[in-house]
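Below are the structure tokens for one structure; questions will follow.
Which chain is which? They are A, B, C, D and E, in the order written, and residues in each are numbered from 1.
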Amino acid sequence: MTNIKISAKGVQVYYGDNHAIKDVSVQIEDKTVTAFIGPSGCGKSTFLRCLNRMNDTIDICRVTGDIRIDDEDIYDPKVDPVQLRAKVGMVFQKPNPFPKSIYDNVAYGPKIHGLARGKADLDEIVEKSLRKAALWTEAKDRLNEPGTGLSGGQQQRLCIARAIATAPDVLLMDEPCSALDPIATAQVEELIDELRQSYSVVIVTHSMQQAARVSQKTAFFHLGNLVEYGVTEKIFTNPEDPRTESYISGRIG
Amino acid sequence: MLPLSVPFFTTIGLAVVGYLLARRRALTVASGDSRVLNALPHQHGLNTALSTLLPPLAVMLLWALVVRIGARRDLVLAPENPVFTYILLIGLAATGFVLSLLRISRDFRARNASERWIMALLIFASTIAILTTLGIVLSMVTETYSFFGQYDWRDFFFSTTWSPNFRGGSDLGIIPLIWGTLYISFIALVFAVPVGLFAAVYLSEYASPRLRSVAKPMIEILAGIPTIVYGLFALVTVGPLLRDYFAAPMGLGQSASSVMTAGLVMGIMLIPFVSSLSDDIINAVPQAMRDGSLGLGATKSETIRQVVIPAALPGIVGAVLLAASRAIGETMIVVLGAGAAARLSLNPFEAMTTVTVKIVSQLTGDTDFASPETLVAFALGLTLFVITLGLNVVALFIVRKYREQYE
Amino acid sequence: ARDNVQIAGSSTVLPYAAIVAEFFGENTDFPTPVVESGGSSAGLKRFCEGVGANTIDIANASRAIKDSELAICAENGVTDIVEVRIGYDGIVFASDIDGNSFAFTPSDWYTALAADMPMDGTMAANPNTDWSQVNADFAMQPIVAFIPGTKHGTREVFEEKVLLQGCEDTGAMAAMIDMGMDEDTAESTCMAVRTDGLSVDIDGDYTETLARIEADTNGIGVFGLSFYENNTDKLQVATMVGVVPTTQTISAGDYPVSRPLYFYIKAAHVGVIPGLQEFASFFVADELAGPDGPLAAYGLVSDPELADTQAAVANLTTISN
Amino acid sequence: MSASKHGSLLQTDPHTKKRNAAEKRFRMYGLSAIGIAIVALVILLVSIIGNGASSFRQTYLSFPVTINATEIEAAESALLKTGAYNKIIQISLLAYLTNNDQLQDTPEADAFGMISDEAGATFRRFILANPDAAGTTFQMNLLTNGRIDGYFKGRVTAQTALLDKNVTPAQLILADRLADQGTLVQRFNWAFFTNPDASDQRPEAAGLGVAILGSLYMMAVVLCLALPIGVAASIYLEEFARKSWITDVIEVNIANLAAVPSIVYGILGLAIFINFAELNQSSPLVGGLVLTLMTLPTIIISTRASLKSIPPSIRDAALGVGASKMQSVFHHVLPLAAPGILTGTIIGLAQALGETAPLLLIGMVAFVKEYPAAWSPDAGLFGEASTALPVQVFNWTQRSDPAFVERASGAIITLLIFLLIMNALAIFLRKKFERRW
Amino acid sequence: MTNIKISAKGVQVYYGDNHAIKDVSVQIEDKTVTAFIGPSGCGKSTFLRCLNRMNDTIDICRVTGDIRIDDEDIYDPKVDPVQLRAKVGMVFQKPNPFPKSIYDNVAYGPKIHGLARGKADLDEIVEKSLRKAALWTEAKDRLNEPGTGLSGGQQQRLCIARAIATAPDVLLMDEPCSALDPIATAQVEELIDELRQSYSVVIVTHSMQQAARVSQKTAFFHLGNLVEYGVTEKIFTNPEDPRTESYISGRIG
């Protein structure tokens, strides 16, 4: 248990009657990139949202089981989800920039968490975050234009910038590169690698290559079950479960 | 207008028949397979119904207008025998009916045709707002003109005393009235906007669906209680209370009627104007916006203040404008709560009055109806109209400036 | 196409007109007339709008029609107008039933409410704030007066028959003229009411005045006689020059503060609108408007010259202009 | 090290604590805002109901009246027939009281004074409806005078009776006696909802029948015109009109119309609908049209606000599958905007239902005793004179007899019930259309 | 000119002052899959939205130039954009299901275009479309649940189903597989291939592999310019422009 950042045990998630996550237990390590893979609709996003309690916002969603971060039960009544989410940042699957300027989108987190000491400090954080998210060149001349006027991929990168600007301990990224071209994807992957030095990153991806490239651990979900979890290399070269095998081998993209 | 009811109902009947027939015919033309049609059978029906209905209705409206204008000039334009009118109108309906039925074919774009009719209706509806404005201005302008014929406009706009007098020689300065209007409305809004907004936020973001479904209609009752009840509440309860516990101890006067009394009570009445509509608008902000903010570790209130409310701002401003408008137009609460004395003072515990109150009282008073003391009501009305217009222009620019459009 | 009589105007006349209309509907085959309120001025304005079914037939007024109004009437084709005086409205001063009683004279009111009054040869703001300062006979009670707002005809009567009278009686008027004011200025100074809050204008109706007295029991209000008579359990009336206001004392001319009430008939509608003339004669019949009729019972001071009025209605004697 | 940066989740760090305190405060503000509104509502409702609940009961006297043909004939020949009928009733009452040894030492005039002035009219109506009743004796249910009624509702007491010119202590003693004996009873006051208004002399007979009908007619007009026109105008302005200075002018103009004092709409209505279009004065049709114009800005402003709040992606989605703009609006945008539209309608109708000032100028603030027909050949649709509920409240609060105070509050209760019934459907629909996405 | 479905000449698009598409001319063939590739923010979506005049809905967007479909100028005032959009279907980059049931989402198009003769017919269209979009198995038991309650990838497939249900002539797909797993991607690609038999398909993608797999023609956009357009094979193996070359070779995913 030296290096476990997140530990989930027997997690069940229901949307109304729909049993979306079935008894998932997993231990996510610190300073590691963990990839969640699996067919669309298998529950990756749902599980991810359990880790920072974003599922709380969905009325019909019910979560049971035990999830610990740094050995603390995040569903403990004493835990403040706000603090949790500051610690566990998230990039959503669908880019959701605020209807504010690009600058304000990125500055929002640092402002509410009081991470910047002054305007100059804030400017710096914004620039650094946009640079890391590979959006700076495109955005630097239009920082005051609304974030909703960006292209799909730009919005996605804006959301990444927004998430890293708050300097979370754990970063959950739900398909962060789905709308990105290969070059931007490479830059984001580089970012993820850099983040790994100090943080724990969980990334959902449909690209096996990406999972193989950036992650050290991979979890394969299928129909709400965690089928297999282990070292990425092993999962891709020598999976234990036939379902993993067939998902991996049916690979195309 | 009355004899037109015969062609009116005939036309409506014809339109209904037209709808059914056109649908039928469209299907027949398509040999029962609606897929080969360029438009849905329903759209064919709608087009025929509207083609039948709208031209005679428009003619009827225009015709009634012309006849009335003629009557004002002592011209008898309406034919002796209404049968001619009947024939004209029903003929028109029948023409639309037949022509539109004949146009039905596989290629006929009935959707576009029917949408053109609907668009005409939409435009017509929009013009009613313009016509209302025109009507308001016109119905007040002649009297205003004759007021300024009898009373110097400089005194009206710049004098700081308002004291009408039966024997003439009145001071009819609008300034204290405008001051009272702005002051009372301001206090009412200072109370109603935060309370309404917080109520809206709580209802849409925090309250359980059950609380919400009960509390919202309940708060809306506040908008439906006749203002005289509020007025009496101000007079009997709030006024003395404010006087005894605030004004008198603070040495701000002994008046039970005050700007503060009227403002607070009016504020209560305005709560639902702000809360209900804002609640609907806040509710319409997509969940993804909230998730984005919560996901960054923002608290719910931070999310609401910095993401949800800015996104809902145009609607909220609309709600506030509605409340402000109502405050400016209110009479009874002011009469009973703030008194009838026109006064220029900064002390919120003094009695003051508003333009609207004076419009009503001068209009329903006992002075000679051709005297400036009565006619001033029209000048007040028109001036208020221009002032609120100015305020609304400012509001529009503010909304433009801060508008945030989510996707 | 209208078959009911349509009446509009004074809210003071309204209760009387409503009582008569109700009786008229019950006792004849004509429909009950519709009686609108809205004020003398608004009623006369509607009256003078023109001739025809969409204009009113009768205007109630708590004052006589003015020449300027007659001129506008004539412009719009309303030329034959019958003036009907139905009686008088007594104006009384009343205070809370449990408070001090008062026996006023016009001088008291002038001294209490004047804005400025002559003192030692110059005009000075009214220094009185308590009734005991106004008249040594009065008990200590702060001056709080609820008087009709300037929209009300009653205000005019109050100013002329009480304030101006008091101004003359106290010698203030003479003093002002001595100071070099011309008569007109002096008169209007006499009738100027203080604006420091001790006198409160009431733009609403007598129920508002009553409510204000209930909220502030030091208040003394101006009421119509009929209103007072219906609320004798809450209000005590003050005498004026020693006379208690009743329909009799006013009718006899002993009580000084009252005003005539009228209605005006559009003669051109007689014969067109069914029941119009019948209603007018019914209104002024002795059985209704006489001293023993229901109107007097309700508080109308009946007109000693009612017979003349009845004749005028019967003959449709129009105002000659 | 990262863990130190964020600390333990189980312990709230000071910054978060502060923010949570702010959160809690914010929530408290919200809750107290609702609390303020509800408390205000409760205070107002309690005072209205406290004042008005008694108007739903009414005191009646029930005793036999002997109908004598010659007396009837004499009464019919008088100018004030109902006055004469009153006399007949008084004779019967006197006879009844003395026969039952109830009068005792009460002065006769006091006994007569207990009967409402309405009695004569009731009696005459009865005789006209039953011409062959002459010569018989009928048990009549007659209203008591408003003061006697007030005695049983606590408004009049032995103390006030001493001061009150319109009632004597002797009457109250007699009333108690009659009540014990069952001659004088309190019943639910149906007549309050069915009677027309009565003059100032007879508060006990005054009812809301004409006013309810008038309000009903007017609201029918307002609902049928204001909602469709308002929604149509909003749709055009928000969704179709090209944004230009002209639409800006219209937008400002509509917002401004909301700020026009309601009495000005009365001026407008008088000028347009009565003087120009020559519609009938005092008619619910004109009233409804005026209130429609007055309500339109409210509905348009709220509709536009809710249309604005619908995300463009919904419109794009519809257009993308080949829906016309009209279809995208009517099929997708409008249903999503429905809650706001309904709210505007609820508030607009509440305002329209409670408004008096504009009705003042078009002749609806009036004493009306005849029921208006919904349709009549010479007055047309809703063309006959009527009043409305707020008018009745306004009138009754101005009357001098204190018995009208209770009736005014009763009218307000009725108005609020009317409002709730009218809005129930809107509230139900609004709840149905509400959704998050 | 035998086989040209869409022909664009000198198309310029501005968002306010931002010149997003610079003088693009391109001829898109019938019964062909054309892929638009290029870095994020280069104008692919913008150009795509020109082809069915979806840009009309963006106030600040201004389009000039000449675009013809079946040799008819689609910006001609006589052209009804509604009919155009019925003919030229679109799958948006960000999945945007209606807040209605899954069934209603798919049935909407056929209903307004009168494509179904009755309820049974409509049911059939819905099923067929969902099947083609590889969503049927997941959705068949929850047809009456809201489309907004689906997972990201499911929503994307729902939008594909919705678009093909109206049977357009031309289908514009903006990154239709960005949130899909390899198997679902393969199914959609199969669908695209099937559609090509009768229709013209334009697809925006960031996956070079996908472009290579499904398209016959490829257009490479860069900074608002159409850099190169030609047979897919040639673009990928032997590009003419150095920019294309470097974009292709810098490929990663």
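Throughout what follows, a contact is a pair of C-beta atoms (placed from the backbone, for glycine too) under 8 Å apart; a residue touches a chain by one contact, two chains touch by 3 or more.
These numbers were taken from a predicted model, which means no experiment stands behind them.
Chemist: Using the contact definition given at the top, which chains are in touch with both subunit C and subunit E?
Modeler: B, D
Chemist: By C-alpha centroids, what is the most central chain here?
Modeler: When every chain is reduced to its C-alpha mean, the one closest to the whole-protein mean is B.
Chemist: Could you work out which chain's C-alpha centre is the most distant one from the centre of subunit B?
Modeler: A
Chemist: Decide which interface, B-C or B-D, involves more C-beta pairs in contact, and give its chain pair.
Modeler: B-D
Chemist: Give, as an integer number of Å, the spacing between the C-alpha centres of subunit E and subunit B.
Modeler: 44
Chemist: Quick one: subunit A and subunit D, Cα centre-to-centre, how many Å?
Modeler: 59
Chemist: CA centre of subunit C versus CA centre of subunit D: separation in Å?
Modeler: Subunit C and subunit D have C-alpha centres separated by 31 Å.
Chemist: When you check subunit C against every other chain, which residues touch at least two of them?
Modeler: Residues 11, 38, 42.
Chemist: Provide the list of subunit B residues touching at least two other chains, using ranges where the numbers run on.
Modeler: Where subunit B meets two or more other chains at a single residue, that happens at 111-112, 232, 287, 299, 302, 363-364, 405-407.
Chemist: What are the residues of subunit E that contact at least two other chains?
Modeler: 82, 94, 112
Chemist: What are the touching chain pairs in this one?
Modeler: All touching pairs, sorted by chain label, are A-B, A-D, A-E, B-C, B-D, B-E, C-D, D-E.
Chemist: State the interface residues of subunit A toward subunit D in the complex, per the touch definition above.
Modeler: Touch residues, subunit A against subunit D: 69-70, 72, 74, 76, 78-80, 82-84, 86-87, 112-114, 167-169, 198-199.
Chemist: For the complex, give me every residue of subunit B touching subunit E.
Modeler: Touching subunit E from subunit B are residues 32-35, 37, 39-41, 109, 111-112, 407.
Chemist: Which bits of subunit C are touching subunit D when the two form their complex?
Modeler: Against subunit D, subunit C makes touches at 1-4, 6, 8, 11, 14-15, 17-19, 21-23, 25-27, 31-32, 34-38, 42, 46, 49, 52, 54-56, 97, 205-207, 224, 226-227, 229-234, 282, 285, 287-288, 294, 297-299.
Chemist: For a test of understanding, state which residues of subunit B touch subunit C in their complex under the given definition.
Modeler: On the subunit B side, the touching residues are 163-167, 169, 232, 235-236, 239-240, 253-257, 335-336, 339-341, 343, 350-351, 353, 357, 361-371, 373-374.
Chemist: For subunit B, which residues count as touching subunit A in their complex?
Modeler: Contacts found on subunit B: 287-299, 302, 306-307, 310-311, 404-407.
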